[in-house]
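Take a look at this one; I'll ask things after.
First chain written, first letter: the chains are A, B, C and D, and each begins at residue 1.
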Amino acid sequence: MIRFDSDYIEGAHPSILDALVRTNFDQTAGYGEDPYCSQARETIRKHCLDETLGVQFLVGGTQTNVTVIDALLRSYQGVISADSGHINVHETGAPEATGHKVLAIPTNDGRLSLTQIKECFENHWNDHAHEHTVQPGMVYLSFPAENGLIYSKAELTEISEFCHKNGLYLFVDGARMGYGLQAEGCDVTLSDLARLCDAFYIGGTKVGALFGEAVVFSDKEMQRSFRYAIKQHGGMLAKGRLLGIQFQELMQGGDNCLYFTLAKHADTQAMRIRRAFEAKGIELWNNSVTNMQFPLLTKAQQEALGKEFIFEYWGKHDDERDIVRFCTSWATRTESVDALCSAIEKL
Amino acid sequence: MIRFDSDYIEGAHPSILDALVRTNFDQTAGYGEDPYCSQARETIRKHCLDETLGVQFLVGGTQTNVTVIDALLRSYQGVISADSGHINVHETGAPEATGHKVLAIPTNDGRLSLTQIKECFENHWNDHAHEHTVQPGMVYLSFPAENGLIYSKAELTEISEFCHKNGLYLFVDGARMGYGLQAEGCDVTLSDLARLCDAFYIGGTKVGALFGEAVVFSDKEMQRSFRYAIKQHGGMLAKGRLLGIQFQELMQGGDNCLYFTLAKHADTQAMRIRRAFEAKGIELWNNSVTNMQFPLLTKAQQEALGKEFIFEYWGKHDDERDIVRFCTSWATRTESVDALCSAIEKL
Amino acid sequence: MIRFDSDYIEGAHPSILDALVRTNFDQTAGYGEDPYCSQARETIRKHCLDETLGVQFLVGGTQTNVTVIDALLRSYQGVISADSGHINVHETGAPEATGHKVLAIPTNDGRLSLTQIKECFENHWNDHAHEHTVQPGMVYLSFPAENGLIYSKAELTEISEFCHKNGLYLFVDGARMGYGLQAEGCDVTLSDLARLCDAFYIGGTKVGALFGEAVVFSDKEMQRSFRYAIKQHGGMLAKGRLLGIQFQELMQGGDNCLYFTLAKHADTQAMRIRRAFEAKGIELWNNSVTNMQFPLLTKAQQEALGKEFIFEYWGKHDDERDIVRFCTSWATRTESVDALCSAIEKL
Amino acid sequence: MIRFDSDYIEGAHPSILDALVRTNFDQTAGYGEDPYCSQARETIRKHCLDETLGVQFLVGGTQTNVTVIDALLRSYQGVISADSGHINVHETGAPEATGHKVLAIPTNDGRLSLTQIKECFENHWNDHAHEHTVQPGMVYLSFPAENGLIYSKAELTEISEFCHKNGLYLFVDGARMGYGLQAEGCDVTLSDLARLCDAFYIGGTKVGALFGEAVVFSDKEMQRSFRYAIKQHGGMLAKGRLLGIQFQELMQGGDNCLYFTLAKHADTQAMRIRRAFEAKGIELWNNSVTNMQFPLLTKAQQEALGKEFIFEYWGKHDDERDIVRFCTSWATRTESVDALCSAIEKL
C-alpha cells in the first residue's frame, strides 16, 4: 500500500538526519541557547529581510498555536478563526484550556475574508452588552488553510491593515507554510509575512524535518517574554539544538534552500494528481494549488483506488460522492504518483 | 573545555540515531498509533511485569509533569511536592497554568518523607476551614530527587500505602529514572514503581534518547483519556513513532537493555568523581549515589577546576564554600572523568 | 417609562427585605455554615423529596454555571450546549476561562433534543481521531431555555437516561426555574429535576430574591468537594446567611411557597401580553409559555410601543419585522400590563 | 455568647438596609450601569481626588483579588505576596486557578518590605535561567495585613516607586481598608492609595455593607476591559445597583462618611481590648492598631474567656501560650467590649 493520507508519515529528509548524526557528540547548552539555534535564527531573519525579528523554535503545531495565543492575548480575549480552523476542530480544546475562546466564523471556502473579520469585530463593539461576550484580540489564519487554499498578498495586506488599525493581533499558522509559498500563483513571501503579521510560523514537521516549528514575531512583549510562555506550556525542548540544526539545514541557501525545494516537489506531485483527476473528468472539491487535493469520488472509485493507496475520507459531498484527501509531501516518490495517476486513469 | 554541567549536552546514543535512520522511510500512521510505539509499549510493560498498564510517550519532562497532574487532578486539587521539586521551582509555573497549586513542603534532604506527607494531609482535613485551602489530590516525588538522592523500596511502599488509603494519587517524576535504578544500593525496580504508583515515567531525554519520556500508568481514567490530555497540552508528537523507535531501542533486552547499561555507566563515572573529591578531603553536600555529585568548593577550587571543566553553581554553602554540581551522563567519556579526577587530585 | 426589558430591574420581594432586616443583628458563622442556610437546605430537599441531596448557595448565574461545570468535568472534557445557550453566548467565555470548551450545537427551537445530543456524542466516539477533539462530558440545558421554551418530563427523562447510560453529566441551568415550573402545561417538578439531573439550580435573582442561586446535586464528588470549587471560583459569600435567609423565605410553604406564587404571577402577566398580541393579529416568534414573550414587530410598531415601554431588541426576523422581547417578573405590576395591553390594542 | 471571632458575623449597618428598602422598586438597568453606581463611583473618585479613575464594584474579596490579578497579569507572570497573604493561604488556590502562581515570600511581620520585594525581583532577573521560573508581574499587599499591621505612607511610596520603575503592578487588597485608614498613627489616605497603586479596593463586606468591594484603578487596560474580566470570573452582579447603593451610603459625606465612622468605632473598641490585656500584663503578639488584636493566652485563660466569648485560635506561640484573635467590627457593641474587658481583668 502506498500512503497519501498525510504529510507526516515518513521521518525526515536524509540531509537532516545527516546533520543530526554529524553534530551528535558536540556539547552545547540546552533549551535553544546554543550556536546552532543562533545560526538558524539568523538564517530565518535573512529570509524575512528583518534583523530585528524574534525567532524561537517549538516541537509541534498545537503547542505552537496555544503558546502564541496565550502569550499574546489578555485573559478576557478570544481568537477569531475560521470554524474549520485547526485550533477550533483538531486540538482537543487546547486554546480553551489556556482560557481563550475560539470565536469561530463559518466561511465560504475555509478562508477568513476581511469582510467576515470586520463583521465579527464590529458586531462585538456595536453590541451595548459587549463585555458579556469575549473580546476579540487576535485573528488566526492558516497559510495554506486546512483545505489547501492560500491567501494572496493583497488579501493578507488588507487583513493586516484592519487588524493593526483595530488593536487585533494577526497570527498565521504555517504548519504547511512551505507548500503554500511554493504553490503556483502564490505571490506571498516570508518577508511579506514577517511584515504583515505579529507572529507566524514556518512548519518543519510536515516539510522535511523530524519535527519542529519556527515561530517568527515582531511583537515587543513576545520578544521579551515568549521563552517564558514556551517553558510554561511544556514546549521548551531540553536539547533545543535539535531544532536549530534542523532549521539551519532546511532554510540555509536563500531562495534555493532545501525547505523550498522539498515543498516545490510536493506541490508539483500534487498538481500531477489534480490533473489526472481532471483528465478523467472527476471534479475536485476546490481549487487547491498546494500539497492536498480533494477529488469527489464515488464509493466505487474509492474502493478501486483503495486497493493500492491509502487516502483520507474528508466528508460527504452529495448522495453520490464523498470528498477525499490525497496528500503529497517532501517524501512522496515520483513513482508513487506515477502509479496513482495510472490508477486514476483506469477508473 | 569539558562539560559536566548537565546530562543533556549531547545528542543521542548512536544506536538510537541508527534506528531512526534505518526506519526513516517507513510509512506509518501518526500520533503514536504505529507499530514501533506498540512494540515499545509492550517492551515497557514487560519490564513492569504487568500487561494491563497504560504506556504513552511524550517529548519532555515539564510537558509530562503537567499533563499527568492535570489529567488526574480535579480542578480544586493541588499536588504535594518537596519545595525543591522541579514542578515547584523550574517549570515557569506550568502546573499552576493548568490551575493546580503546588503544595510545597520544605524538606530535610530534598525528599518527601511519609511523616511530612501525612502532616500536610492531616493538617488540611483537620482544619475546620479546609475548603478555604487547596485540597491535596496527589503526591509528586522525583526518583532520583533533584539532588540525586533516591528512595528505598520500603519508603516508596509506605508512601504508596498512605496515598492509596487516603485517596491521593502517587506520581513519580522519572526524568533521571535510569540513574536512580542503577545506583549503588538501589532496591527499587520498574515493576515496583508500576505497582506502587498511579503514574510514573521513564525519562529518555537525559538517558540516551534525543528526547522522550515514557509515562506508565494504571489509573483507569488515564487509561481511557490520557491521550486527550496529551493532545490538549500540545504534547502529541505528529511523528509519534520517533518516540516508539527510541524507547524500543533503549528498553529492549530486559535487564541488559541499553537504558540500564547507559545509566550504569554514568553512575559509575559519577562515583569515580565522588571518590576523587573524598580522596582529596573535599566534603560532599550529600550522599548522592546517582549521576550528580555536589562537592563543596572554595572559590579558588572552582577557579582552578573551571579552567578545563564546566560545572554548575548550585548555591552558597557557608562563608568559605559553595555547593557545585558535576553531572555525568550516558555520553560521558571515561577519559573526561580521568582528566577531571587528576585535576581534582592536583587541587 | 415602564420597563419590560428584563426580569432583574427591581430589588427583591418585600418579605425578603423584611427577613434581612429582622435577622440583621444576629451573629452567625460565615460562608454558609449558619442555621439559616441549614434550614433553607432542608426546605429545598423537601421540595425535591430527597433528604440526601447536596444544596449550596451562590450569588449569580454565570458563577454558578462555571463552578458546576468546572467541578464536575475532567480537564479534557467539554460541555454540550445549544449554541444559543447562555454559557456559549453571554458569559464572556467564562467556561473556557476554566479550560472547558463549549460544544455548541445549532438547534431548531433553542432547546437541545435527544437526537442532537446523541448525534454529537456518537460523532465524537465514532471518529477514529476522537482524542484530537474535546471529549463530551456533560449536557447543559436551560429550563426554561433562553427563548422561554420548556422541556416536558418525557423529554428530560429520555435525555437523562441517555446521559447516564453514557457517562455524561446532566446539568440544568435554572436561572428562571420558577417561571418554567409554573408555566401552563409544565409537567416537571423540582423532584423530577432532582431525580433526573446530576446538578441543577433554582434561580433566585430573577424570581424575587436580591440575588442568589441554589444549586442542588446528587453527584458524590460534588457532595464531597463542591464547596472547594465555590471558594476557588470566588463564589463563596462571606455573609453566606444572606442566601439562606432569602431562600428560606422563598421556598418555605411547600407548593404554596413564595417562589412559586411570584413565578406564577409573572407567567400569568406574560400570557396576558401574549394574548393581547395574538388578539391584535401580531404573530409571536415562538410558543413561549413563560415570562418572556417575543412578538414580531415592525419598526413602526416598536416605535409606537417604545413611547411608553422599554423592551428588548432580540434580532431581525424578516425584511418587515424584528423579534423583540417583553419580560415580566415577580415585580411586574398588573397595572403596567394593563397599560401595555391597551397600547397593543391601539397599534 | 458574644462573638469576637470575625468581622462579618452580622448583616449591614441599618442605614444601608434602609437605602435598599427605599430604592427597592426603582427600575434600573442591570450590571452596574445604573445611576446609583454612577453616583457611588463619583463619590469614591472624590475621596481619591482623581476624576479619571476607574471604579467598579464586586461582591467579595477572593473574587476581587483574582479578577484584578488575572486582568492585569500576562499568562506567564506571577504575583509577589507575603506567604501569609490571603491569596496564598485562604483562597483555595483561586489565583492559580486562573493560571498565576503566587510567589510567596516569608516575612518578619506579615508585611512585605521593599528589601524583600527587591530581592525577589532581582534574584529572578539575575538568574540566567529566569525563563524557567515565573516572571514577577505584580506586588500584592494587604492594607491592613492579615495580622492587623499597616504600612506607612513612606513605605508604600518606596514600594510604589520600585514597582513602577521595574514594570511591576502594585495592587492593594483592602478587604479591611477602613480599619487601616482610621487606625491610630495611620498617615495613609485613599488619595495616597489611588496615586501609588495600579489597583486597590475599598472593602465593604467587613466594614458595614451586606457585601461588596469597590475596586479603584488607574491602569489603562483595566479602564478599557476590566468589566470583561469581572463578567468572565462570574463577578458581575445582575442587580449591580445593590453595590452602588451600599457604597454611596458608606462613602458619601467626605471625611465624615459612614465608612470612616464605622471603622473608627471598631478600631477604638479594639484598642480598648488591647489595653485591657496590657493592663493585665498579658502580652500581645504584635503591635496591631486595627480591629484585630492578638493576645498570647494560656489554655486556662482561653478556657476562662471562652465561657462567655467566641474568639479565634490563630496558632501556637510557645509551650505555654497560643496566639488568639479578637476581632471587632462596625457592629461591635460597646457593652460587649465592656463585658470582655471586665472578664480580662478578672483573669
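Quick notes
What we mean here is this: a residue touches a chain if its C-beta (ideal position, glycine included) is under 8 Å from a C-beta of that chain, and two chains touch if they have at least 3 such contacts.
None of these values were measured; they are calculated from a predicted model.
Under the contact definition, chain A and chain B share the contacting chains C, D. Using the mean of the Cα atoms as each chain's centre, the chain most removed from chain C is B.
The distance from the centre of chain C to the centre of chain D, with each centre set as the mean of the Cα atoms, comes to 34 Å.
Each chain gets a centre from the mean of its Cα atoms; for chain A and chain C, those two points are 42 Å apart. The centroid of the Cα atoms in chain A and the matching centroid in chain D are 49 Å apart. For chain A, residues touching at least two other chains, in rising order: 75-76, 91-93, 97-99, 131-132, 134-135, 228, 231-232. The touching residues of chain C, when paired with chain B in their complex, are 31, 70-71, 73-76, 98-99, 131-132, 134-135, 221, 225, 227-232. Of all residues in chain A, only 2-3, 6, 8-12, 14, 17, 20-21, 23-30, 59-67, 91-94, 97-98, 205-206, 210-211, 228, 231-239, 242, 331 touch chain B in the complex they form. Within the complex formed with chain B, the residues of chain D that make contact are 75-76, 78, 89-93, 96-101, 129, 131-135.
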